[in-house]
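Here the chain labels run A, B, C and D in written order, and each chain numbers its own residues starting at 1.
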Amino acid sequence: MIVNMSSTATQEQIDHVMERIKECGFLPHLIKGAERTVIGVVGKNRGRRNELEALRVAPGVEDLISISQPFTLVSLQLQTQRTIVNVKDVRIGGPELVVMAGPCSVESREQLMETARAVKAAGATILRGGAYKPRTSPYDFQGLGLEGLKILKEASEETGLPIVTEVMGIEDLDAVVEYADMMQVGARNMQNYPLLRRLATVPRPVLLKRGPSATIKEWLLAAEYLLSGGNPNVVLCERGIKTFDSELRNTLDLVGVALAKELCHLPIVVDPSHATGRRSLVPAASCAAVAIGADGLIIEVHPCPERALSDGPQSLDLPGFAAMMQTLQSAMAVAAAGR
Amino acid sequence: MIVNMSSTATQEQIDHVMERIKECGFLPHLIKGAERTVIGVVGKNRGRRNELEALRVAPGVEDLISISQPFTLVSLQLQTQRTIVNVKDVRIGGPELVVMAGPCSVESREQLMETARAVKAAGATILRGGAYKPRTSPYDFQGLGLEGLKILKEASEETGLPIVTEVMGIEDLDAVVEYADMMQVGARNMQNYPLLRRLATVPRPVLLKRGPSATIKEWLLAAEYLLSGGNPNVVLCERGIKTFDSELRNTLDLVGVALAKELCHLPIVVDPSHATGRRSLVPAASCAAVAIGADGLIIEVHPCPERALSDGPQSLDLPGFAAMMQTLQSAMAVAAAGR
Amino acid sequence: MIVNMSSTATQEQIDHVMERIKECGFLPHLIKGAERTVIGVVGKNRGRRNELEALRVAPGVEDLISISQPFTLVSLQLQTQRTIVNVKDVRIGGPELVVMAGPCSVESREQLMETARAVKAAGATILRGGAYKPRTSPYDFQGLGLEGLKILKEASEETGLPIVTEVMGIEDLDAVVEYADMMQVGARNMQNYPLLRRLATVPRPVLLKRGPSATIKEWLLAAEYLLSGGNPNVVLCERGIKTFDSELRNTLDLVGVALAKELCHLPIVVDPSHATGRRSLVPAASCAAVAIGADGLIIEVHPCPERALSDGPQSLDLPGFAAMMQTLQSAMAVAAAGR
Amino acid sequence: MIVNMSSTATQEQIDHVMERIKECGFLPHLIKGAERTVIGVVGKNRGRRNELEALRVAPGVEDLISISQPFTLVSLQLQTQRTIVNVKDVRIGGPELVVMAGPCSVESREQLMETARAVKAAGATILRGGAYKPRTSPYDFQGLGLEGLKILKEASEETGLPIVTEVMGIEDLDAVVEYADMMQVGARNMQNYPLLRRLATVPRPVLLKRGPSATIKEWLLAAEYLLSGGNPNVVLCERGIKTFDSELRNTLDLVGVALAKELCHLPIVVDPSHATGRRSLVPAASCAAVAIGADGLIIEVHPCPERALSDGPQSLDLPGFAAMMQTLQSAMAVAAAGR
């Protein structure tokens, strides 16, 4: 940490800050410049960094500058080997691209079964589907709940595909743990810390979606909640961020994926369905995600998108998904070659 | 709803869309233009609007355009009289500006008592203070929890100020209901729908903060969850949004307050502390909030900001708060005159 | 400047950076911490700061941290007295709130004259109106050009109001200088540096609009081009920024006005018409602008907004403007009291 | 266009709007719904659409909804064949990926020559380099100007690579036309309409960078200025947009490239250097750009980035560029296969 003193700071103010730094158990290191004084803070008493932060408003202080990353356990500096997360026997983060596919919402047994068989046939290895749905409007379809979980389980048993599904709150957590193989934290829940703390203790891997306005650092800190709480099996998911351009549902931050891979050792998948909100753009976005180094994709597929109860516009139909998987083969081959 | 057919749509595609509209219980109304055809959808079967939405991906459809607001119960069109929310005997939404003040976090009995007495003396009528704290990093101070609630209660009993404090999850809800007079939903929880659904059933007013990337409509729809679930006592709180300019913590969207007041009948307060993240800007932002029609303010105050365990940089100290309240008197006088 | 060395930097890399700092004419100051080394750079050779910047990619460097503001002449640290800009005999930046008003575009002699008389009667002291119009589409009305300037001049002569109008490029500069009293740089031209360099040499004050995605620092640096080129008569204008919420045309950054006033000594006016894009919100936004310390307002007014050739939706009609000016009197009184 | 009348609109207001639509030469088409009335506007009198726009503020009107794209000449609906732009004998938009490379700024004859030879050897086919530099601060290096153009010309003659370089204003236009093969419009000038209008008339292809906060539509409309003014040889360039995440210089909007290719027939290249601002991310971003369908790349390369006078942190060094070109071969192969 560096304390940047104001150019008008008095000696007394500088002394006061030096004193406070020592009080918090750190060593101050003074640099007097032509125009201003800065104070380097040396030491690693993480527990009292909070207190240092407040120095930002001590008299004579202009700014406080942090020089180290706020996360630790997810950092590639601490653990230089990339994490591989197993969802049953599917390995995420290894040389194989993992494709998770299925409908936005489980709407019925027939809809899910038909989709599960089709996505498996096309090459997907994990089945996605929402039973508990976070919806912007209270008047929209809110998911089948427990009934949906049971249908997912049945599809999993028939096809052998493990299940990833969203858990919206602690009250549904036990049910989701019972039926699902991977717990999804939705974008709107990325900073739902009580939920993260509980998920840190369940025997399931977690798919942590990036919040629509979360910086890369905030996202990694949310993952840090899971790791520091005891669950190392975390897969990150980029699904688009909010920007000024509202032509599409979100703006897919693919370079953010590459940046996150520079900073942390966790696997990262990309959700081009929510990122674009538009079916026609999903295949191209998927290819680009693979090219930039994503470890997997999560794709919305529906047997009849124009009758979907949620997210129809961004869902591929079954032939569309099969065609995309074909196109991806070459992209996957390149990605595999590049690793 | 208007269905905008593509300029290359075939007659068969147009017929199919007309058919689907009827199937969903609405009446299609065709307009053939020079370049393209649009279909107006007449009817008010809210329950099946979901299904209409999916038509966006029917063959030949270019776009679907919604022409009515998605919220109902919060709308000023439905209820033309402004809501007044009572927090014990404090009325929010009436002619008086309501100032809620207190520390970001309850850190100790002494810190809270000193602050409570000072903010009351300066004119605040509700005491704020966090017992459960959502923190970006798991290594930051997470609040005193139940102990914090008890200290808040004690301060309330001594000063007579009602308490507003954040509830982070359903598991803490009963405790917060027991000790607090108003339940705060934090910005990161604005779209925590299970929490909103439960808060809709508790006998306490709710302070609903706008999410850092929530549009005005998403915010009003979150409030709609509370009203449609049975709790009409909702106060909205603008606390800044995320934009490209990261010089300050957030960008305060004051015109958004004016816009929300055009659209809904709920009272709206402004949080200039989180919006700016900088103590020196809080008084000016507060004056502007009053001028644009805010019904109240929520302000962070700490006896010694440079030793605060959270949000020190944006906290006013006790004399600073008292001085700001003086300045606000004239602004309040103007606002009162203008109503 | 602080050089933050990577935690894995070698001694050789540290030495190399120390060497380069000396080569550029600065003094390096080493701080060895528990986890990493940082190097403070002491000296004030502004001309070679460029070269220091590139050190960001020297081997072993993690980051470079600037600790002083990049602007100088506009800074309130250098010049502690606030600038007052005279537009003929109207003083901007003094105790009086200055209201500039008029149509978005000059459309005809009749339209402008009627508007000019009305805004003067209501209390405006500068007349605005566009002769050269930057339009997003080439098919939209592009302004009357020289003809528009002549009409503005005529209106100025009749009413005595000085004229502010936009100059879009160097090729129109002489004409605008001849007819106008204040040169407006539009938001899209904020970083048109050749234009700024030329405007630095003309004997007219400049109204410099903030770009829709310009940070406060970029805006002040654009003003620095004008001051460093020789023109100290600069008025800044906040007119809304682009954010994720597209419900309104822009998001008015009022706290940005307060922040800019903390950083620089130039007067600042607010344009609530472009910021909101919606007539009904202009009066409330204006009051808030005054409350936060704006030195003036620039308002679009049209005799018949529903027939305006540009920006009709955000233009006040003549009675609407007169009514708003009434409301502003009290706000102005407060502002005057507060100075 | 659809006029959405307010739910409280009177019959008189509806009649007035119908009348105005007819006055403007269009045909109104009334749809009375359960809650509100909408009026479809039929006709194609583009010249008078301006006037319709202003109806948004006619009494009783809630909103105006445009149902067709505002651009015409760039649209893939009008011209279904993709445009190929020739820069001398380099074809942009055909099956070959085009790589433009070179330094941010021309700093000296030696620096440019060394770079030119190296990028040619590595496979680049167009040489980039700035002679006129738009810099955020007036104190930064502003480019060599005419001297820089001459050096570029010399490098072109020696290597045979055509030159792309930025033109900042009309006053430099003749010089740039004389020395350069392709005229670059910088991001900050995307909406410099006088410049676009002049570039529409020069016998050179134009590289039009997307503004940092321009929507896809605003970008295509800027291109429409060039095409409607007579220059069909336009290449679009995505270079990152401004978002809330300031960790990197910009956020690269790769899906925006795919969307723009759905909407228009112009070739599109990607600038991963400015988009990321960080050398280490350029190769991955380049691969993703190719995968999503970009027609080319424009890359900053410098013989010694840590001594560059501008943009050092995002410049590849010569071996780094050569290595990236190797990696790209496979990506290019895939892209070629996919076309």
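Note that in this section contacts are C-beta pairs under 8 Å (C-beta built on N, C-alpha and C of every residue); 3 or more make two chains touch, one makes a residue touch a chain.
Just so it is clear, the structure is predicted and the values come from calculations on it, not from any experiment.
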item	value
A-D or A-C - the one linked by more C-beta pairs in contact	A-D
Maximum centroid distance from subunit B, chain identifier (CA atoms)	D
Centroid distance [mean C-alpha coordinates] between subunit D and subunit C, Å	25
Inter-centroid spacing, subunit D versus subunit A (mean Cα positions, whole Å)	31
Centre distance in Å when subunit A and subunit C are each reduced to the mean of their C-alpha atoms	38
Where subunit C touches two or more other chains, by residue	213, 242-244, 246
Pairwise touch network: line, ring, star, complete, or other	complete
Contact set on subunit C toward subunit D in their complex	20, 46-47, 49-51, 53-58, 70-71, 134-141, 168-172, 188-189, 191-195, 211-213, 218, 221, 224-225, 228-229, 242, 279, 305-310, 312-313, 315
Complex interface listing, subunit A residues touching subunit D	213, 215-217, 241-248, 251-256, 258-259, 262, 272, 275-276, 278, 280-281, 284-285, 287-293, 327, 330-331, 334, 337-338
Subunit C residues touching subunit A - in the complex, by the definition given at the top	2, 4, 7-8, 29, 31-36, 38, 40, 42-44, 63, 65, 67-68, 77, 213, 242-244, 246
